[in-house]
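Per-chain residue numbering starts at 1, and chain names A, B, C and D are given in the order in which the chains are listed.
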């Protein structure tokens, strides 16, 4: 078992003929992910990756032809909102948007629309999903994680890789790793994923990687205290970040004194979460 | 029992200080309807109808102060869409819009928004609701109907009155009468009301008054055939209406050969519905 | 409100949709002058608010200005489905490679705008819908989100439109959405949208209908109404907020409420008569409105009897009665009048009419039968 | 991207929100001239992209053009929170009756735009939020529906705004929504929105922040960026698509990924060092970008050591290694460099760097400790 993606995932890649789309589709297929179709407007009818993947002009046409049940988006930022609307309209129930730099007002419209349609969005500005040994959807390197019982959820990309890698170094594996992305308005937040891990039989422990900005970690702390039985270990990036500055991620900013790492660590520790001082401490905290 | 409105209805009147708003609020209160508040922007703080009903500047303020749980709208057509959005945003679960002449694109936006919020809208361009002996919400004259076991649902206003009046002449009464209005895009359609009547213990028989235009009567026929156990009698107005002409109601138009009275009568009769040749035949058909 | 082709295309052009060069003319010499300005071959198109102009001979190709003048003379003298042609559109002629049907309209059942498109354009789309429904592509638009680019692409792909035209088609789709939403149209139709031999996409013909209920926010469009194209009685009725439609029978009907007005017509027919009109005086009509309604009914020389059927709700029967008396004093009708008043203030209304020379009725059926008899007797 | 007050108010004005008469000046004599044109008393307001100008003496009232020139001279010579004042706004002075706070911003938790309004305007709203949260009215806006008139009325009523101003306030609210949505603002703030003694509503001060991610559709706004107001290294970094923030420490950090970049800073601090910067080279950075990043880090004279922490995912370690070599050849750095490469093509990257004179590390902690030690030793 796992959450969100597994061997039954029939994946569509939006923006498959771009550099990143092609590179990462290759990687995903090499990992064993079942990539059934790609979409690039104007290139419908072509086949990519040595004739393995058909390209369609629209998501609707791709879904009709292939029964895709998840879509990963690699299109440039200015087209990302439309790509998400398109996937939702075509009936795709799970959308993973890797694209970074989507305008926040676009995201507010997208999120409100997708909520109406009960579509699950992960991202944008996220590394995607990895269920080790089953499916890789997005850009998380496949070789840095092994199957296991730790659920990982994170707002960061490479920081997540560090954690998976650190776990693997000590022989610990992940059930599923979910990168929810660093944007202020996104599709899936900590609570959504924590809830899925709590109900996933394969997941026994959870690692949650937060960072400065917003109050999602504080809300997650409340959720953990009231709803979770499985142990959670956390790390919060940005202890040294100055206020008022956007630390790379559009969402990583301390505004009006709110969203500091100290606040988040305090909230999590009050909820019984062990908070690591740095990512490489996480495996040992999980073993305690 | 009854559907939609009864003695527990705490009614708000939007546009209460206009001529029609005041006139019909007087009528509704005389009937015994519990009118708890009115709204007219810019007139908050006043009291109308001999100091019986407080006026508020917005629906939100009115709901906070009075706990209104239904709103009837009498504002001019150009403000009606905003009035419906406002009531929905203020958490009113049942909106009855009497106003005629609301632009159809406005109604498409309103209906799509209200569906998201799970708000029930009746109308616009409708006479409203009457649960004889309990509550009158809208403009149906109170003295032309008595309590009884016949559920009445209609796209027309005065035609509905004819039917209620004809029933009363032979001593038959109504459980609830619902005027759903004659606009092409409205809030509640035949099926919604038929379903409520089917589940209302007080209702034993149903009268459905349709007219030319659209396919709601045809859909209702399917619903009656497959889902209803209670007998339904119907009348369809517009047997003599020429095609392509809008017969008063924005929705009453035969377009491209579709929406004729003959089609509707045929569909209803196939579903086992007795269709009257004119409204005064309805009571006798109900007795058969 | 229906717009003429030339008006629809003016609106298209304002929103960035390519249309042929051309102008409207009211005389043959104007048509000649426009043809001279345009040079080359032109199309002379009758501007009437009915379909089937082509089959009726109201659209002709002219090879030069002289022929344009001849054909314009001929078309300006025509009647199409009873409507005299008062204007012609003179457009440059296009060399056509492909004809597409493309429209946005309201889908009342879905409560959403819908795009209808077909590679089988240029013909009557209702015929295509009836015989080859699979050739029509329908895509709904979320009214709060608007048309999205991918929807236009989906349509282009489904129509097998050659790729080189996708960009133009996308722009036209976006702009037609702006036309539709910006004008509160109930129909914005391009038929045909053509691909010319020199590889351009052009809206060769256009048809628009505007939601009358939204005209309050489009004063520019209200001014486009061509009252020459409707029955004078309908124009007059609109002034008073009355809903009136002229029919061919001899029993005038004045009723409050659209449903009841239709029903009154239906009952007249049921009892062997023919209604002369549909007339809804609306909710809350006062004496002045009623008087206007009566004048309108009685200007029709076919009317042999009048049926008043008023069920008082918002409308008060005493007000209607006053209106009837006012109008009778003014119009002095010579035909028999049957009156049925029920509902709000009905007694007062009946009292007011007691001294007027009118036939009264209690039920709908009774009123209709009396009106039919009166019309036959008159 | 932050906009200056004068830029924000220009935008307000373009969208129909009343602002005081006035213009921006870069010299004292220009300020005098503007004061002469305006006549009467004027306000001289420093234009710097930080708050607290008033308390710092950066806003002064001048009774005549001569005093305007004097005060402008004085303010143009100031530094406010480290930022030199390069421009002043010269506005006609207003006689104020009431000050209101009114803004639209993003509520990330609600995923909707939110209106914030308070009758207690003119002061620091965060202070009001902390001490009197009940004085701030918040109303969310549906992003697909936009601001509706009744929402503005609700706010006006909740603020106890006198009725005579509701219409003006409604128009300002509608227009501020258009500002916010039309410019992809993350903040559109009027503070104070004043009622003048002659009963007008005027946006006396304005503050706007634009979403950098949306600038692609606002080329006019992009041009408003005041690069004088940011560290030159940050301007340079933006050119290369790098995310760079200068800090006060002495250990330069080059990392891929924002979260990992923050973490690298945190670990440096944890092991007793001080980071000199935040730098995220982004996903998929090539050699050229990496070289630019290195040049930017090394132009800071405080930097005593550099920590490279690259976890290859999209970014390929060999590409980063090439960039480092390119940059080293060009910049010839004199400070010690600690490199940690993990992930995609890490081995190839390490091989490329084998001959460069660099300290290598395996773990994050190891790398940070080595960088701290190197900085102390240098």
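Rule of thumb we're sticking to: a residue touches a chain if its C-beta (ideal position, glycine included) is under 8 Å from a C-beta of that chain, and two chains touch if they have at least 3 such contacts.
Please read all numbers here as calculations on a predicted model, not as lab measurements.
The minimum number of touch steps linking chain B to chain D comes to 1. Looking at chain A and chain D, the chains in contact with each of them are C.
Note on interfaces A-C and B-C: more C-beta pairs are in contact across B-C.
Averaging Cα coordinates per chain places chain A and chain C 54 Å apart.
With centres set at the average Cα position, the gap from chain B to chain C is 28 Å. Chain A and chain B have Cα centroids separated by 48 Å. Each of the following residues of chain D touches two or more other chains: 142, 144-145. Residue numbers of chain B whose C-beta contacts span two or more other chains: 109, 113.
Chain contacts here follow an irregular pattern that is not a line, a ring, a star or a complete set.
The chain pairs satisfying the stated touch condition come to A-C, A-D, B-C, B-D, C-D. The part of chain B that touches chain D in the complex is made up of residues 41-42, 44, 57-61, 82-83, 85-86, 89, 109, 113.
The touching residues of chain C, when paired with chain A in their complex, are 142, 145, 148-151, 153-154, 156-158, 163, 166. Chain contact summary for the complex, chain C toward chain B: residues 106, 108-109, 111-113, 126, 129, 142-144, 181, 184, 186, 211-214, 216-217, 243, 245, 247, 255-263, 265-270, 275, 278, 280, 282-284, 311-315, 342-344, 363-365.
Against chain D, in their complex, chain A makes its touches with residues 20, 24, 77-78, 100-109, 111-113, 127, 139-141, 144, 154-162, 165, 182, 184-185, 209, 211-212, 214-216, 219, 235, 237-242, 245-252, 256-257, 277-280. Chain D makes touch with chain C in their complex at residues 144-145.
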